[in-house]
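Below, subunit A partners subunit B and then partners subunit C, in two separate complexes.
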Partner chain A sequence: MTSKEPLVSNTKCECGHQNPVGTVLCEACGKPLDEKELGAEGNLEMRYDGVARRSQRVNPGLIDRVWNFFSSVKIAIYLIVLTLLGSMLGTIFPQESTFLNIDASTYYKETYGRAGNIYYKLGLSHTYESWWFVTLLVMIGASLVICSLDRVLPLYKALTRQKVRKHRQFLTRQKAVLVTPLTAEPEAWVAGLIEPLKKKGYRVKIDGSALLAEKHRFSRWGPYVIHIGLIIFLLAVLARGLPGLNMDQHLAFQQGEATRIPDTTYYLKNEQFTVEFYSDEEMPEEFRGKKVLPKLYETKAVLYECTADCTDPSREPQLSEVTSHDIRVNSPLSYKGLKAYQFDYDLTPVLRSVQPVLVNTATGEGYSKFRLDMKNPERTFQSGPYTLSLKEKYMDFGLNDEGQPASKSPYPNAPAFLFLITGPGLPEEGQQYFYFPKQLDKEQFQQQAINDRLGGSGRFLELEVQDMSDVDFAASTSYLNIRIDRAMPFVWVGAGIVMLGLILGFYWQHRRIWLRVEDGELVLGGHTNKNWFGFRREIVAILQKVDLIVDEKSLDNGGGLA
Partner chain B sequence: MGKARKPIQIVILFLILLLGGYAIGTSVFGGDGKPHEGSKAPSFELLGLDGLTHTLDEYMGQPVVLNFWGSWCGPCVKEMPALQAQYEKWKDEGVVVVGVNVGEDQMTVENFVKLVDINFPVIMDTGRDAVRSYGVSPLPTTVFIDGKGKVDSIHIGQLDLDSLEAQIGKLVDP
Partner chain C sequence: MSLLDFSSDVFIVAFFLYSGAFMLYTIAIMGRRWSGRKPEEHTARFGKIAFIASSLGLICHFAYFITRWMGSGHIPVSNMYEFMTFLSMMIMVAFTVIFAIYRKIILGVFAVPVSIIVMAYAAVFPQEVQPLIPSLKSIYLNIHVTLAALGESFFAVGFAAGLMYLLRTVNFDSTARSDRKQQRLVEFTLFSIIVIIGFLGSVFAFRGAGYESVFVRSDVTIDSAGQGDSTIEKVSYKMPPIVAPYQSETEHFQPFLGIKEPLFEAPSWMNGVNAGRKFNTVIWSLLSGLILYGILRLIIRKPLGKAIHPVLDGIDENDLDEITYRAIAIGFPIFTLGALIFAMIWAQIAWGRFWGWDPKEVWALVTWLFYSAYLHLRLARGWQGRRSAWLAVLGFLVVMFTLVGVNLVIAGLHSYAGTD
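And then the complex of A and B:
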């Protein structure tokens, strides 16, 4: 569209057809429209059959200019190259989106020094989510749509309205050409070609002594089918941003507890987690005693769906089991688009509850045991004649800045309980008793000494766990990667359509043969988009059927070596 | 085709603009889904210490100071008196101070409330749902929400009496 020449004047061909602006070869007879081109030698430019693209017009307005910008293949290539370069930037250092528990603001500087800091400051740590990268993708999408529309419609029109009789120059300037004297009666000779052409799969049209044979036209739509597939692909990727279509989170599942999966109505229970390692015998010699190689990570998982009281926090949700699966690496639990992958594990046991008994150390008498939960425990317990009321509870016992007992974290690492015990033989107001369920903590925090101070030397009650079966703990925590990707089927459909388009375009070639017999001379022109060698052989074979022996190489009019 | 050409062009360009605008827009403005200053405060539905379920909607029209805390977090303990003082000072103006306990059980929360002697409403985020939707990472974090339900500012770390007063003042009289 840079040319300022008045293109209108010469768009009417000598055959009488009025061509749109930008037409290279007359839509009807195929004669080159440009005077310069008419006088030139060599092969014709057959792209889009020489028709004008839709956007080519005189005096383009604003909308036309935008349209023309995206319609340009040159621009599309620039966009693709820029996107490739941009994508490369994103591969220099790890992307933020792959971090789980890393603080990006310090990570880059600490790990990669100044370069890392600049990388982070430039926003390249989230290249693929950045506005400029998304803008490039959107522009490629626009280019795909507009390029296709701008070409496919005129091409479709040109190919469905082909004239049989073409201008002589149109034939002689193809890449496969034959001009040879012919004494036979023209129309009869041309009619004799129909059968051999049809046998080769050509569709034949005849106009007196002129002929057009054509096959595999559908392969011309291959590129446009690819574009449709790519557009569906891009739209699907875009749709992943919509709420509910995509989820990717890493969650901890403590053994034995149905844990809610946020933003869904599902709960997942880790019934048991197993990790196995290769024994020394199973490993090659050089690894023995040096390496620890995992053999199996497995989470026995049960998925529940909440059926009632799901959002009301004052009620217990009602769950019903929907599926179960032994999750292993590359064998996720999968249910209605939700997938749970094995991701990590932690074998630190987490205490859930203990069932101690109150023991009278003076008499050796033990009273009934009671259940003490780490989370949401009961407030009063009865053990024999004694009443224990829970006064304080510390999940991770320690002392704060003021020297007061306090929890250091919300996790039951070092649980501690302060009871007030009342009953026979105790003071009226009761006796305070500190209880550390874990043996390790009992010693570290000197439970004995604390209680001696609280209850005095005459105290005779102790809380004891008598059997390991009275201790309930989660043996493991399994970390699962929970994913939902509802856009994925569309991505696959898009990719499938791209594949179909590729096959259409690659495995078939659009072949056309034009010929006219006039004044004792046969003029034949052939056009295809690739495999000219095979095409020429086909022409020779067809002509042989009507006893016209032609040398294969003599058909080559230059430029058609591929 | 000639006559329909322009409208088709306009429709296609418009669709591209719409979809492209959406894609670029989400990448520019808080694509991570966390609230930021000026965005709508995410709703929540959590059990209060009073045994009732509380939502953000019930405070609609009132400025809300949402303080995320844990009993084990030192700075949270230290800022409680300031929150209590400001709660008493501003409650007649309609300002609501809500403490959101993060992931602890009822007993711990009750004991803590008694210990630090506060009486503003406290709700319990046992499943860390509000923590997730507000994108809270370190504790304490305080979110100031104006009467229209928009996040006015987010304060990470311990609050002091004066800055707290200034921020609430801004909520009441912007």
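And then the complex of A and C:
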């Protein structure tokens, strides 16, 4: 075998155990194998009990090199620190994602000047979606997997086949050490320790005059459990990007109207939206008359599922109620993975329908009423002897870049309708008529002038609403955030496992005590992965039970500093 | 007397008990040389009295918390005042836990003042009970905020112990380059704490004197429809304006020490009138911190670190290292649960997304990553002791930035925890 590290080339221990390359402490007796270690003073390196890891193979190939890279704790720390610094950079200016409609290429320059422009140019305005940040997260994921696998298997092997009798040097170079003369009969004295150790929760193994006591080994798996949880968490977060697992849309729901949720078979009806503010009596004196604090936003919502005629536009869809909920902030509607969150509201009344009549301006005669829905109007209407057929509909009337009429948005802010009227006294091909149901729009867009141009001077028909009861408004609009997120359960499972691992790893400690009595001398070594203070105190208490009085501090072998 | 009145009274009692306890802890340690008794006996005796005093303070603090909760009808952690008072209470809880494990009287000399400073900082904010806005009406307000604060409090105790480790181990007599560097860094850390005390001192001094000056700034913005929109912003300075907001008019100026107008104007990149006011506060804090530091140096005639160093004589540095690590190790899972996991659960319920890269969320993550790096570094050789202690000190700076700095400097969804 040709090794680059001649120091570890001879891996056979004097106790006869053949160790793999990279072993620091003999797997069987714990004697330091590394000759540098062997000659040295001070504490032993007890990480992973000194066993060899996969990453310590000789003659690494490409895969081994990648493995070795990610298995290094040092690399993991670099990755953590880089992610930390990257995250910090992203908070200097608000991220693009915090705005609904901005032009990022000009916004940062205009708002934050040159620094803002540099920030944008560097791509920091979308730090958390940038390739380098996502790469860092993926690398952390790789590091989590490989670091854990590299260590947990050897450690598991080492801890399940521990030998009771360890090399003297293994004992004397622990951080808690006691070497003291002992005249008692070795085996009997060691046996006397079993009871006090068991009372403290230790599991005890005896090999003649040598003893191994161990407790809370499970705590050693804490870090690996944390890492498994983090991997599940990260995978779940990645999975949210897959199509079909995730839906996120902001929709407007007018009061009293069942509105379809796109890409689903569901309809949601906002039966009543309420906003309440704190009254002066409920506010501290300092705020009265100065501040307005909201108390409640609530949408009484009913969710329907479409059972038939869902896609046929000529028919009313058949809806059946599946659930209802009073949606508030902190209390979303939830049904089979679909959630509806209170997001925003608008108290401006929205026109829903009008019932105008056709009036002959020459005679003053009015014909019959018909119902004109803003959202889904019928195609033809009848008013007296006249037939009105709907040619065009604009929800939010305006002119586009070419000066043509167009709808600026799908919301009925300024509805407008173009009819073709046919009937007595009108030309054969009919007469065009523009109708703005809102009085304000009639004036702003000059309905009169438009129609005069369309119908010529002999025009004698007007559409009029004769009574306010013929106008139907939705009192308010509630904006809901509709979400489906099928990966969420995995996110929570991952987080739960992380938490479990944290508790195992941090609130218990793996404690081990080795001792051997030989030649009238007791040699005791102790190891724990944290809380040496409590551990030393425990050893002292146990030894006290067999009338061996030791000072806590004298156990401390911490590099000779104490 | 109403519950809320009782609440604020008992809060003040807690404050004085803590201050008394701090003095007793100090006497227990400093007095061991010149009390007639054996040093150990003296320390044990006064340490016990000090612990009783600080525990009584904690009981009063709890009484404040419970009565304010009853009086206001919701858990008092909903604004900056309430959060800071709660944080200071949790720091005392964390201190008591660590003290119960390690029984190191000296910890009281360093951890209790951290709590006192946070408590005093709370008093900077308006103290009225505010009704809850809809987004805060959730059981997760109780869980998320309290657990996050508890976790952070253990980090605060880790900070105190880390600082003690440094004060204990840095060689203050050496003139070697590396030692000089350590001395200067420790001195800078202590100076920063004094600046915070200077900030608190100037806030309360000017508030006591009823100082106020007012600036107005009118802003004309042109909206997309081409219509000019003029907004008038008004800002009231509670400290004499050294610096005025960028492009502002003086509405009312109360002269201070013969100064009748601001000395200069904030630079243009400090947008908004509040940026100017905050800048002014920073200047005052530095100024009063410098004065305070100067006076202290004049009295003791040596660097503060060197002066405090002998207090820690005879304390085992390995114990301090272990206390630092242990405090952080206890706090870390609590912090993870409170500041990240419950934060995500709440965010999912309130906003429909468990994570949105809001500045506060990011900084909670930064804190978590920082302490993760700390815990991993503890595995490496050469990172116990000195370096680890520095990380514990730095880590608390990250925590405080997350709690205070983010609100002051970066606005985000957590803006209701407003800082004024």
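What we mean here is this: the second predicted complex is superposed on the first by the 411 of 562 C-alpha atoms of A that agree within 3 Å, B and C clash if a C-alpha of one lies under 4 Å from a C-alpha of the other, contacts with A are read in each partner's own complex, and residues count from 1 in each chain.
Definition applied: contacts are C-beta pairs under 8 Å (C-beta built on N, C-alpha and C of every residue); 3 or more make two chains touch, one makes a residue touch a chain.
None of the values given here were measured: they were computed from a predicted structure.
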TODO: Please indicate which partner A:Gly525 is in contact with in the superposed arrangement: first for subunit B, second for subunit C, both, or neither.
DONE: neither
Task: Partner chain(s) touched by A:Pro415 [first = subunit B, second = subunit C, both, neither] - done: neither
TODO: Mind working out whether A:Glu282 is in touch with subunit B, subunit C, both or neither, as first, second, both or neither?
DONE: second
- [ ] Compare subunit B and subunit C by how many residues of subunit A each one touches, and report the one with more.
- [x] C
- [ ] Would you check which partner chain A:Leu84 touches, where first means subunit B only, second means subunit C only, and both and neither mean what they say?
- [x] second
Open item on the list: On the A-aligned overlay, A:Asn330 touches which partner chain: subunit B = first, subunit C = second, or both, or neither?
Closed with: second
TODO: Considering only touches as defined above, state whether A:Pro317 meets subunit B (first), subunit C (second), both or neither.
DONE: neither
Open item on the list: Contacts for A:Gly141 in the overlay, against subunit B (first) and subunit C (second): which applies, first, second, both or neither?
Closed with: first
Open item on the list: Which partner chains sit in contact with A:Ala76 here, subunit B, subunit C, both or neither? Use first/second/both/neither.
Closed with: second
Task: Doubly contacted subunit A residues - partners subunit C and subunit B - done: none
Task: In the complex with subunit C, residue positions of subunit A that touch it - done: 45, 47, 73-74, 76-77, 80-81, 83-84, 87-88, 90-91, 94-95, 97-98, 112-113, 115, 127-128, 248, 278, 282-287, 293-297, 328-332, 339, 341, 343, 481, 483, 488, 491-492, 495, 498-499, 502-503, 506-507, 530-534, 553, 556, 558, 561-562
TODO: Can you check the complex and tell me which residues of subunit A touch subunit B?
DONE: 54, 63-64, 66-67, 129-131, 133-135, 137-139, 141-142, 145-146, 149, 153, 235, 238, 241, 260, 262, 311-314, 375-377, 379, 390, 392-393, 395-396, 400-401, 406-410
Task: Residues of subunit C that touch subunit A when the two form their complex - done: 101-102, 126, 128-131, 133-135, 137-138, 140, 269, 316-319, 322, 325-326, 329-330, 332-333, 336-337, 340-341, 344-345, 348-354, 356-359, 362-363, 365-366, 369-370, 372-373, 376-377, 379-381, 406, 410, 412
TODO: Please give the residue numbers of subunit B that touch subunit A in the complex, ascending.
DONE: 1, 5-6, 9-10, 12-13, 16, 19-20, 22-24, 26-28, 31, 45-47, 51-53, 70-72, 74, 77, 102-108, 111, 124, 126-127, 129, 132
